[in-house]
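Presented sequentially are two complexes of chain A, the first with chain B as partner and the second with chain C.
Then we have the complex of A and B:
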């Protein structure tokens, strides 16, 4: 963090991430909220780059910006009334109070923790290290995750599979 | 000593060695550091110079190819093409660009103004960013990422929500339908792209573009050991850049012009240019990952690497011009079925085969000279067998095809004339 460029990048990206995260909550239009969310994801990917976690950064872009956002957009478009404005919430005050409480708890935890500062340089290349770890030490969780995804895919296909159309006459 | 060697001795390592444009910029960066500026200023200046260079190249190249493509397609279709504006129509793209710039910027009623303006830019900028990771020459890499191939796919993924924003914000049902269709196509073929690009990465063992190019220089062009993957990538690329036979995103007879129906003037210009740049990017990926990048059997000592790179890239792009001039558009269900039923199984099996080959190669510690010819022959034969066999299994390639019912049309209540039983439509 001594390099000026990294410091500038850190503050700019933090501003982008937090600003767009606020935009997600504040936006009246729910599609705008998704756009803000995408911007927030991108800022987070940038923060990963400043931490020299380039594989995670690119994976964040690939999965969250490219795929999850599309999932959200489709969910909004396919939900009746979903594409309308954010409804007037009668829970606004309780939500605000809860949000402030959560933020206070997080800030207290962040300030109170004694952060351990890593005493070595970042990895040059993380992709192959992550690959080794996934297929060696963490092979079982990795396989379980892929089986879970497979089940989800098959399940969704079974759910939306149309009845075969009756032949007329 | 022949003239070329004398030239090499004179130029080697000097800033005016324009065989590699990285030299002058690197020299400038060193100079800035000598003046006492911190390292990030030098980096910023050199990166900005590179970016401006790429932007200039992109704009000029697109302008040139508007004319080249229209003339070449006209030749293929026995027409004349644009030939009025300037000598042989050369000024036609300039006139087109001026027209787009001067047109009124229309925003449709009820559209989402901010997103309507933002969408063309969100589509254009990431496409430009792709060119940063290609090695244009030995030192001409703007961003030498060690996750280069993955970055490429991630950038292509950013375009997908932007397409939706363009279609949704237009407040036009054809635009929205077109956007949905385009997203479906892009996501389906993105999987094919990932699987196709996985094979070269497996062979090289690195996702860094420069490593892939030097591996191909040391061993063999990956096109020779990976023909099936290249074919899948070329097809997926045609969908990605929205070109015939996969230009369903703007099927005029069905959805007017797809997600950019409501766009005109310079906003449409951005979409148009973005589409072209995506085409160049796909061609550049094919060149870098499959055809040796900026190297050409030692010729790069004589000719600047970036000229070789551009030449190869335009040659690959010509394939797409060719297909646009000759092939008709597929139906959307045919296109999607082709991705999921045909290309997806083939590419998955292909990755499996490549993985096994690389494993056998590494485990037995064979030399590249022993392993690669065998791998080339095996992959070519297996590719042919898989391609033909799977097509036959799916019922294609026998010359006849039974007419299937138009399911969706029937569902919404249209009259559907079933062919009399026993008759088959012949090709």
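Then we have the complex of A and C:
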């Protein structure tokens, strides 16, 4: 990965991802925080493209940038105005210390480990390979994931149903 | 100047710790969910960069695993947001510091 374009793209997209993530921390209004989160997800989709993961990049755009951010906005408008404050609670300083320590530990582990770097090019395209793998080698997890999604949908509907339906005996 | 595995791992580590800070520190239930989604994304980035760079018999396994984590995080987000709406209905607030139903 020595192309100048890839290097520039990596630094720009990383800056966008991390900068927007810091924006989520700094934003005072939670709707602004969600907008920063969307920018962070978009940067990550770009990073996936630089890693030659085209299918995952598109899935990231559709699911995170599209669906989950809309879901978060729906939850914000369905809850009270008072909770649109994005302030930190009493755990602010311990969380800050823990975050810095975890970042330091992960970065140390990443730099200190001798990774078995493979000498290969990126994938040409991954969508058909992933499709084959999902329906062949990973067929059982794939089916279980569909059951999980069904359970999540039914569970969400049951949870927020306005009035419990009376059973007539 | 080149981009290696370590660069991606550092980006992922920073994103994960920012997500963890948001999860622990934010007062609003929605803020906590935002942090959890950021941590999911950091882990996904790690999977994809290992799938791209590290020696493996099945380099595509990382991509397939990311699809499953995306599925699980979507299911989790949907259920958690339903819980947020329900909590607002029951307690009239979604501030984390008022979540004390299990406290005695």
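Following the convention adopted for this analysis, the second predicted complex is superposed on the first by the 151 of 169 C-alpha atoms of A that agree within 3 Å, B and C clash if a C-alpha of one lies under 4 Å from a C-alpha of the other, contacts with A are read in each partner's own complex, and residues count from 1 in each chain.
The rule is short, and it goes like this: contacts are C-beta pairs under 8 Å (C-beta built on N, C-alpha and C of every residue); 3 or more make two chains touch, one makes a residue touch a chain.
Note that the coordinates shown come from a computational prediction; the quantities given were computed from them, not determined experimentally.
Trainee: Tell me which touches more residues of chain A here: chain C or chain B.
Mentor: C
Trainee: Counting only touches as set out at the top, which of chain B and chain C does A:147 meet: first, second, both, neither?
Mentor: neither
Trainee: In the overlaid three-chain picture, which partner chain does A:38 touch, first (chain B) or second (chain C), both, or neither?
Mentor: The first partner, chain B, only.
Trainee: Which partner chains sit in contact with A:111 here, chain B, chain C, both or neither? Use first/second/both/neither.
Mentor: second
Trainee: After the superposition on A, what does A:92 contact: first (chain B), second (chain C), both or neither?
Mentor: The answer is second: A:92 touches chain C but not chain B.
Trainee: Thinking of the overlay built on chain A, is A:59 touched by chain B (first), by chain C (second), by both, or by neither?
Mentor: Both partners, chain B and chain C.
Trainee: Examine A:139 and indicate which partner it touches, taking first as chain B and second as chain C; both and neither are also allowed.
Mentor: Neither: A:139 stays clear of chain B and chain C.
Trainee: Who does A:67 touch here: chain B (first), chain C (second), both, or neither?
Mentor: both
Trainee: Regarding the shared-chain residue A:25, is it in contact with chain B (first), chain C (second), both, or neither?
Mentor: Second partner only.
Trainee: Can you give me the overlap between the chain B contact set and the chain C contact set on chain A?
Mentor: The overlap between the chain B and chain C interfaces on chain A comprises residues 4, 34, 55, 59, 67.
Trainee: Considering only the defined contacts, which chain C positions touch chain A in the complex?
Mentor: Touch list, chain C to chain A: 1-31, 33-34, 37-38, 41, 44-45, 48-49, 51-56, 59-61, 63-64, 66-68, 70-79, 81-86, 88, 92-97.
Trainee: For a test of understanding, state which residues of chain A touch chain B in their complex under the given definition.
Mentor: So the residues of chain A in touch with chain B come to 3-5, 29, 31-32, 34-35, 38, 54-55, 58-59, 61-62, 65-67, 69-70, 73, 77, 124-125, 127, 165.
Trainee: What residues on chain B touch chain A, complex-wise?
Mentor: Touch list, chain B to chain A: 38-40, 43-44, 112, 114-115, 145-147, 150-151, 153-158, 160-161, 164-165, 168, 180, 183, 187, 190, 207, 405, 407, 410-411.
Trainee: Would you tell me which residues of chain A are touching chain C in their complex?
Mentor: Going through chain A, the ones touching chain C are 1-2, 4, 6-7, 10, 14, 17-18, 21-22, 24-25, 30, 33-34, 37, 40-41, 44, 47-48, 50-53, 55-56, 59-60, 63-64, 67-68, 71-72, 74-76, 78-80, 82-92, 94-96, 98-100, 102-103, 106-107, 110-111, 115-118, 120, 122-123, 126, 129-130, 133-134, 138, 141, 145, 148-149, 151-153, 155-157, 159-160.
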